[in-house]
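Letters A, B, C, D and E name the chains as they come in the text, with residue numbers starting at 1 for each one.
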Amino acid sequence: QKVETVTIGVAVAQTSNTALLGQEQVIGARFAEKFLNGRGGINGTPFKLAFQDTGGDEAGAINAFQNLITKDRVVGIVGPTLSQQAFASDPIAERAKVPVLGPSNTAKGIPQIGDFIARVSAPVAVVAPNAVRQALKLDPKIKEVAVLYAQNDAFSTSETGTFQQTVKDQGLTLSTVQRFQTTDTDFTTQVQAVLNAKVDLVIISGLAADGGNLVKQLRQLGYKGLIIGGNGLNTSNMFPVCQKLCDGVIIAQAYSPAQASAANQVFVKEYRAQYKKDPPQFAAQAYAGVQVMVEALKALDRKKKLNTYDLDDLRVALNKQILAGKYNTPLGTISFDKEGELIQKEFYVAQIKMRDAKNGSFVYLK
Amino acid sequence: MDDFLQTYGFLIATMLQAGLLGLSLYFPLQAGQLSLASPGFYAVGGYAAAIMLTNPAFAGLRDTLGNGMFPLTWLAGAVLGGLLGVIVGVPALRLRGIYLALATIAFVEILRVVALNLTVTGGAVGIFGIPQAFGFQDRWQYIFLFLPLLLLTLLFARQLERSRVGRALRAIREDELAADAMGVPPTQYKVLAFVIGAVLAGLVGAMSAPFLNTWNAKQGTFDASITILAAVLIGGSRNIWGPVVGGALLAAVPEVLRFLADWRLVINGLVLVVASLYLPQGIVGALERLGRPRPPQRPTSAPVSAAEVKS
Amino acid sequence: MEFSQFVQNLLNGLAIGSVYAIFALGYTLVFSILGIINFAHGAVFTLGAYFTYTLVVGEFSNNGLLKGVALFPDGSPLSGNPLTFALATLLGAAGAGLIAVLIERLAFRPMRSRGADPLLALVSSLGVALVIVNLIQLLVGAEIYNFPSDAYGETPPALSFTLGGKIVIIRTVQVIIFAVSLVMLAVLGYVIGRTKIGKALRAVAENPTTASLLGISVDRFIVITFFLSGFVGGLAGTLVGTAFGVAGPYFGVTYGLKGLAVIVLGGLGSIPGAVLGGLVIGLAEAFVPAEYSAYKDAVAFALLFVILLVRPQGLLGRAAIQKV
Amino acid sequence: MTGAGMTASVPVTTDRNVVLEARNMTRRFGGLIAVNDVSFDVREGEIFGLIGPNGAGKTTLFNLMTGLTPPSSGTLTYRGQTVTGLQPNRVAALGMSRTFQNIRLFRGLTALENVKIAQHTRTRAGLWRGVLGAARAEEAQVERRAWELLDLVGMGDRAGELAANFSYGDQRRLEIARALATEPRVLLLDEPAAGMNTSEKGQLTAFIREVRDRFDLTVLVIEHHVPLVMNLCDRVAVLNFGQLIAMGNPAEVQRDPKVIEAYLGGE
Amino acid sequence: MALLEIENLSVNYGAIQAVRGLSLTVEEGEVVTLIGANGAGKTTTLRAVSRLLRPVAGSIRFAGRDITRLPADEAVKLGIAQSPEGRQVLARQSVQDNLELGAYTRKGSFRADLNEMYERFPRLGERRDQLAGTLSGGEQQMLAIARAMMSRPKLLLLDEPSLGLAPIIVREIFSIIRELNAQGVTILLVEQNARLAMNASHRTYVLEAGQLTFSGNSAELVNDERVLQAYLGG
């Protein structure tokens, strides 16, 4: 069977607790569809996106992948949202020989799942240390550090490992490590421990709601020092939670709206026009995922018309092409190593600046 | 056909798996015990298999046994489930109704937190890269594991129901005190039913770890407990087919409703409401009502009691 | 443990515990009358918060069908002042109460009249919860909303005092939640324990058929119960929302498990039990030493398990009566 | 359980025919003494009546005897074996079976099943033998006996009906059949005639005698219907406020002024 | 005018027809007995009158008003009270609470009635704080009867009131029936102790397998061959 219309699958969490993150990814992907098709699609032929909801669990991700692979007959998949889901669903794509780009999977071991698995999300080990270095730049006197993380969240626990390592590497003292659950709301106990440890830097790995509450309660109860937030807090969704108290939180970024590339500037402009705010990282990464697929398809198409391919062959070819290419995305120029691990040049550190109770922005630090 | 299996094979296997988990809850329920511990045993079974299949400590064993490793993981899952079943069941079965349900949920939660904190279980990330049973390539091939197990379990359950032990369980469900007074020792049989469920759940867990490719603490949670219970009730809690039908259905509905896109979970919720309103005895219960029960047959060989005394 | 630390833990425990308690009050109310676990309670709790939010802010952002809809183009008349906020909270709670009544009508009553297994109510309420949560997401997205920070006027965010040279702190919101849960406990306790309505409610709870044989209108009392439960739940939702933000559609549902643990620990159907259970679990969590905080949830549930083994009917629950 | 002194105060029977010996049985509920230091013997094969005003402690005494309520003090021995302290199912296995004043059938099961279940202690098949279908003969036997017993109480044609659907009086009959299914040597009936009309009560009297003879039973019966008691029982014990106030043959007891005052009521 | 008129009443439990085309009347101020073998449908009839069961056919009129579809609690408000089969005391409530709930539909004080019940049944007085579920069978029966009386009904339905009661209390119950009747309360009585009941009543209906077989003046029926045979033990 030849490929008539090119369909790219997007499997992210549109329901469940994880939808908070998935929603931004949906926006990013939709945006890419509209924008890239507006610019001619794949050498003049528009492509289509097929969305399948993964929910927040493993079975949901597998089902979404299966549907995309056999029913929607996609050439490649951007997804899933969580690394834990990726460990369940990526092997499915791997066996079916369908290329996958993880848009937000930052855990260790994702590209190693197989030849067809790559990601556009830089692993924590690469991103997280930047924030600590930046904090030390802002306040060289920092000595004592408290680390807090959501222990029921896979990504937060792996991120905290990196943070803790960095703290040691930088010669700082790890005064206390506190755990919480993503479903927790009250952090008085943890905050108390932090305050008692008299630290001057707090590092939080969690998701938006719990992370935001933690920041809020830290401030309300009198913590004055610097706060670093991990990848899960890297969303404006945190603003309504800690409101004015979000001010000053430092977050390492794999993406910056300020990134100077032309690709990004156009993206940011269009995004702002439509959503009246800066694109968040998860949207940018999902966008990048779709863009990488599309550009790889374009390159293939130039060599041999896509509609002459068998779907199976196209998938294999696409995977090769993805790994071979170099892409000018809003994330900057990116490429992949042979395992499928992302090679990204620029990382950023931003600090939250709240304009009022609801609105704020990430201000990028040099 | 191939495409169908590719797309829905995983779902079908999940439906069978859900049916099995439903049955694991059904056994204690037969003795009137509302135990929601199944996801705990399921998680433990899964961890046992995942560890045995990935941990370097078992590398030698894996090399020696080859595919024989998989049945061994099943055995391990079942035995661990059973052992834990005894440990939890003996104290917990003094409780009744919702109290028992909550005590078993407490057990599930404790296990979950422990799994999050251990290194062998891979902490919150869990264990991934689990090798495939018998080199299975596709999810649907797991039907070859779950279906025979389901059939065996059904057969077991049916035979159990018709036996002296099955009667004892029913008696306890109906009236524990009266059962006791009529010579049925309640504790012993309650623990038995509980352990049967635990063994089954552990076994299913062990089969499920390769099936899902990965295993983590989210596999045994409160939500799972409630979903399984809902499946049993929707299917019908008084007939062995109930948990199977309910489990399969509840696993299938959200997938079947995929075409509704954003509305699918809303509709899924409505399905649950409507089903519980219109099928108060569950689906199988409703079907049973259609066919009126066959009156019991007098054993043919029975000598008609000579001294028939009318009271 | 130093005394100041002890006091701090105590305060923390009471603070966490009163959140659990306030959630559990409405939960246990329905259980005490109908003997069913209403899984939709978490969703009703969530709705209370969203209703109040709608009243004081009146617009939602990006991701739902309601994006761009502004209820109050010139700003909500109910915002900007603690008194109007209180009013909005009560209205939100009343809204939640009405939803609870609706749920009873549509999802529970028909089942009762068909003589279904009471456990099945659990499935139907689960379905209702699923509908509500996903409708919220469809309408206003999964994002986090928060009340204006001036909801309580010029109150300081935290109160602190020194004990033996150490500072002990507590957040103001939590003092408010604690106080409100005690007030609700007192009111509900009085109504159920001391009035004719309460007596009738207890009769309905124990045996609806017999109650109706005594001239008690069972359906009416059930409606009252659901309204109260929804009202109390909705109120709690807003309060907890002011403390922690309305963290998306699942906001209330995440309290479901703890809430269940709380009412079972306290003794099913016992109103003071719900509060006591909440505080006990809160305190247990607060007193888990920091280095074992990873096991906090396990500690709470282990405690529940152990207490149940010692007191199978929960702390304040009454043992089943078995006169042979 | 019992202080040595207390047991010593009651002469130990040497009567070989005694099956049950109750010694100083006492049960308190909070401040209330529901059964107060009750001692008596029951002889093999007799029909032993237990009467007394409402709340005198009759049912409680049955509960103590069958293990459903542990005594505060005192013992019961059955053919020399101590029964008190045993679980109800052990008591049943020993050969003592009962009916309940507040009927406690397995309401959701059929009449047939009710009677089959009660044969539990007389059968052996465990989990695996049952599941593997290796207990056919035993099952057939259980089935046969169940039908016989239902026929005995006149319910052979209603074997498949749910116990809950039987009317009150019919439920009482079914309870007797169920109790008989445990193959007891001692049968304890708590108000078996309640809910039966006068002519049914008459039939019941005959029926109880009949089963006693047929199954070699010793029967204890609590009953408020005086003519039935007087007609049926070989001996009658009277409880009042937990204490044994009279014991003897029916005619004696009926004339006892204490009994008339507390229970029968004068004219 | 008849206080209670039942016409052509049929009540089913699923497929089981428990009462079939039953018609009977109870005049104001009358005591009427309903007798019949186990399973004849007596309890079913009373439950239909109390509106706990929904008839499949026929009508029930009370004081001239059609109550066939009335909810049970409304029936109590009209003045119908029942002491039900199986007693149905509220096990978790105290004796006193049970009695007070009996007076639920009444406005104003009912202290006097409460004291009266305790006088009539001293055992209940002694146990006023005991949970009803822990009472002995007979004690519960007294409570059920007393509770029904607490609502001061116009029509009192008694389902086997003597069940489980000691002879001395049975006598008390029947004297209460006479007294209440003298005060103008109408009573519909189901009893197995047929002779006692018939002696205390004006008229008697005999029910068999859900249908009325015959009825008449109690004083006459007591000597009727058929009744003697079937219900009075010859």
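Keep in mind that, in the parts below, a residue touches a chain if its C-beta (ideal position, glycine included) is under 8 Å from a C-beta of that chain, and two chains touch if they have at least 3 such contacts.
Computed from a predicted structure; not experimentally measured.
K.L.:
Hey, which pair has more contacts between C-betas, C-D or C-E?
P.N.:
It is C-E, judged by the count of C-beta pairs in contact.
K.L.:
What is the chain whose Cα centroid lies farthest from the Cα centroid of subunit D?
P.N.:
Looking at centroid distances, A is the chain farthest away.
K.L.:
For subunit A and subunit E, what's the span in angstrom between their mean Cα positions?
P.N.:
Centre-to-centre distance between subunit A and subunit E: 74 Å.
K.L.:
Need the CA-centroid distance for the pair subunit C / subunit E, whole Å please.
P.N.:
Spacing between the chain centres: roughly 44 Å.
K.L.:
How many angstrom lie between the centres of subunit B and subunit C, each centre taken as the mean Cα position?
P.N.:
Here subunit B and subunit C have centroids separated by 32 Å.
K.L.:
So the centre of each chain is just the mean of its C-alpha atoms; given that, what is the distance between subunit A and subunit C in Å?
P.N.:
Averaging C-alpha atoms per chain gives centres 34 Å apart.
K.L.:
Could you say which residues in subunit D touch two or more other chains, in rising order?
P.N.:
Counting only residues that touch two or more other chains, subunit D contributes 59, 68, 100-102, 104, 200.
K.L.:
Can you list every residue of subunit A that touches 2 or more other chains, as numbers and ranges?
P.N.:
Residues 15, 151 of subunit A touch two or more partner chains.
K.L.:
Multi-chain contacts in subunit B: which residues touch at least two other chains?
P.N.:
Residues 116-117, 177, 262, 265.
K.L.:
What are the touching chain pairs in this one?
P.N.:
By the stated definition, chains touch in these pairs: A-B, A-C, B-C, B-D, C-D, C-E, D-E.
K.L.:
Using the touch definition from the top, list the residues of subunit D that touch subunit E in their complex.
P.N.:
29, 52-56, 58-60, 101-102, 165-170, 191, 194-202, 224, 226, 262-265
K.L.:
Under the touch definition given earlier, write down the residues of subunit E that touch subunit C in their complex.
P.N.:
50, 52, 71-74, 76-77, 82, 84, 88-93, 97, 100-102, 104-105, 131, 133-135, 147, 151
K.L.:
Within the complex, which stretch of subunit D touches subunit B?
P.N.:
Touching subunit B: residues 66-68, 87-93, 97-98, 100, 104-110, 112-113, 116-118, 120-121, 123, 125-127, 129-133, 135, 138-140, 142-144, 147-148, 151-154, 156, 159-160, 173, 176, 178-179, 181-182, 200, 203-204, 207, 210, 214 of subunit D.
K.L.:
Touching subunit B in the complex: which residues of subunit A?
P.N.:
These residues of subunit A touch subunit B: 14-15, 51-53, 55, 57-59, 62-63, 66-67, 69-71, 83-84, 87-92, 95-96, 107, 109, 113, 151-154, 156-158.
K.L.:
Of all residues in subunit A, which touch subunit C in the complex?
P.N.:
Subunit A residues touching subunit C: 15-17, 19-20, 22-23, 27, 151, 176, 178-181, 183, 185-186, 188-190, 192-193, 195, 208-209, 212-213, 216-217, 220-222, 237-238, 240-241, 243-244, 275, 357-358.
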